[in-house]
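After this come two complexes, each holding chain A, first together with chain B and then together with chain C.
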Partner chain A sequence: METTVVIPSNLSAAHEAEKALLDAVAQCRYSEAATFAIKLAVEEGMNNAIKHGNRFDAAKKVTLTYKVGQDRTVITIADEGPGFHPSALPDPTADENLEKPTGRGVMLMNAYMDEVAYNDKGNQVRMVKNNT
Partner chain B sequence: MDQEHPRLSVTQQGDVTVVKLADRKILDEASIAQIGDRLQGLVDKQPDPRMVLDFSDVGHMSSSALGMLIRLNKRVREKKGRLRLCGIQKPIYEVFVITRLNEIFDITETPDEAVRSLS
Partner chain C sequence: METSGDLVLDVSRQGPASVLRLTGAIGMAEACVLEEQLAQLVGQPGALVVVDLEHLDFLCSSGLGALIDAHSKVRPLKGELRLAGPSPMVQRLLETTRLTHLFEVFPSVDEALQS
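Take a look at the complex of A and B:
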């Protein structure tokens, strides 16, 4: 069953939505590694939507859609911002970027999820994690 | 518990300030800024700060938390101090490796090792 939650652009609301998703993951008894990955990636995705997509604009919403199955979880996060080009992001693991305090969220999502894809505009991301 | 932040435990071992992050979910987004401010405050109080951050009870990490640690590390270095991270559980340590931040921070297994290295 697919669940959709629409939240305002604040981190407390995001936290509540993430918790509901993680409760569903726990009910399906995902591995610790998969659970850790989903928690990390969904938090990064939601934070990016709020901070960078919607720029904390209270009038803009974030839509979290998820389907948690026994074998895999599919998550979509959409914001109402102008979008961006993920390929244009600097590599946070490059020597010159290592000590920058920001810029690691997308990289972590890519590292921990099995599939990550953005829409053309760049204001919606779809992520998949297999329960392995 | 630290009076200014109940989920931090701050103790002194000689000249070394040992901060235990006392909650599995302490590094969620809402807490990070507050904790960062508190840690910066502890660093700023000392002319030659020597600090150990104990992650033994931390089960979650985010890029925002990493950013907070990077800022803290920079401040410690500006003051010619030293910072050690310790007790990092394997899944969290993997985040440090994936981001190459294990190359920036001095990380030990146990708090005792961290304190000894700063004493």
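Take a look at the complex of A and C:
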């Protein structure tokens, strides 16, 4: 069953939405590594949507859609911001960027999820994690 | 001891070092509290701060940012920030981000203190 949650652009609402998703993951007995990966990717995706996409604008919403199955979890996060180009981001693992405190969220989503894709505008991300 | 959301922060003195034990999880909301706590600990010249990660289950990029910020503050003051006891998940996160090249990471607090 697919679940869709629309929340205001604040961290408290995001936390509640993430918790419900992770409860569903726990019920399907994903591995510790897969559970960590999903939690990390959702946290980063929601943070990006609220902070960089909607810029904490209370009038703008974040839409979290997920489907948790025994074999895989599919998550979509959409914001109402102008979007961005993921390929234009600097590599946070480059030596010259290691001491920068920000800029790792997108890289971590790519590293921990099995599939990550953005819409053309860059304000919606779809991620898949296989339960292996 | 201080609690913020899913995170408990506990500071103790062990010889010349401050040991900050983190228990629970650090998301974006908790990262701000961690940053404030670390700023207090690294503000003295020559400060040695050991961050005990043994009981930390989860860390996001904002939490990593708080650690990097503290590292950047303590270094000009001739101090040190050391990480200790990360779980395999947190260790992998540090390796994936290549922050093992920035931080000294020790298997335990005792080893971080003895280094």
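The definition used in the following text is that the second predicted complex is superposed on the first by the 132 of 132 C-alpha atoms of A that agree within 3 Å, B and C clash if a C-alpha of one lies under 4 Å from a C-alpha of the other, contacts with A are read in each partner's own complex, and residues count from 1 in each chain.
Assume contacts are C-beta pairs under 8 Å (C-beta built on N, C-alpha and C of every residue); 3 or more make two chains touch, one makes a residue touch a chain.
The model shown is predicted, which means the values in this text are computed figures rather than measured ones.
*Asks:* Would chain B and chain C fit next to each other on chain A once aligned, or clash?
*Replies:* Chain B/chain C on chain A - steric clash.
*Asks:* For A:T102, using the defined touch cut-off, is the partner it touches chain B, chain C, both, or neither? Pick first, second, both or neither.
*Replies:* Both chain B and chain C are touched by A:T102.
*Asks:* Taking the superposition on A as described, I'd like to know which of chain B and chain C A:A34 touches: first, second, both or neither.
*Replies:* Neither partner.
*Asks:* Counting only touches as set out at the top, which of chain B and chain C does A:N47 meet: first, second, both, neither?
*Replies:* So A:N47 meets both chain B and chain C here.
*Asks:* One more residue to check, A:P92. First (chain B), second (chain C), both or neither?
*Replies:* Both partners, chain B and chain C.
*Asks:* For A:M113, is the partner it touches chain B (first), chain C (second), both, or none of the two (neither)?
*Replies:* Neither: A:M113 stays clear of chain B and chain C.
*Asks:* Do chain B and chain C touch any of the same residues on chain A, and if so, which?
*Replies:* Residues common to the chain A contacts of chain C and of chain B are 11-12, 15, 32-33, 36, 39-40, 43-44, 47, 92-93, 98-102, 104-105, 107-108, 111, listed in rising order.
*Asks:* Would you pull the chain A residues touching chain C in the complex into a rising list?
*Replies:* Per the stated touch rule, the residues are 11-12, 15, 32-33, 36, 39-40, 43-44, 47, 51, 92-93, 95, 98-102, 104-105, 107-108, 111-112.
*Asks:* Give the list of chain B residues in touch with chain A in this complex.
*Replies:* 28-30, 60-64, 66-68, 70-71, 73-74, 91, 95, 98-101, 103-104
*Asks:* Going by the contact rule set out above, which residues of chain A touch chain B in the complex?
*Replies:* Contacts found on chain A: 11-12, 14-15, 32-33, 36, 39-40, 43-44, 47, 92-93, 98-105, 107-108, 111.
*Asks:* Inside the complex, what are the residues of chain C that reach chain A?
*Replies:* Per the touch definition, chain C meets chain A at residues 5, 27-29, 58, 60-62, 64-66, 68-69, 71-72, 89, 93, 96-99, 101-102.
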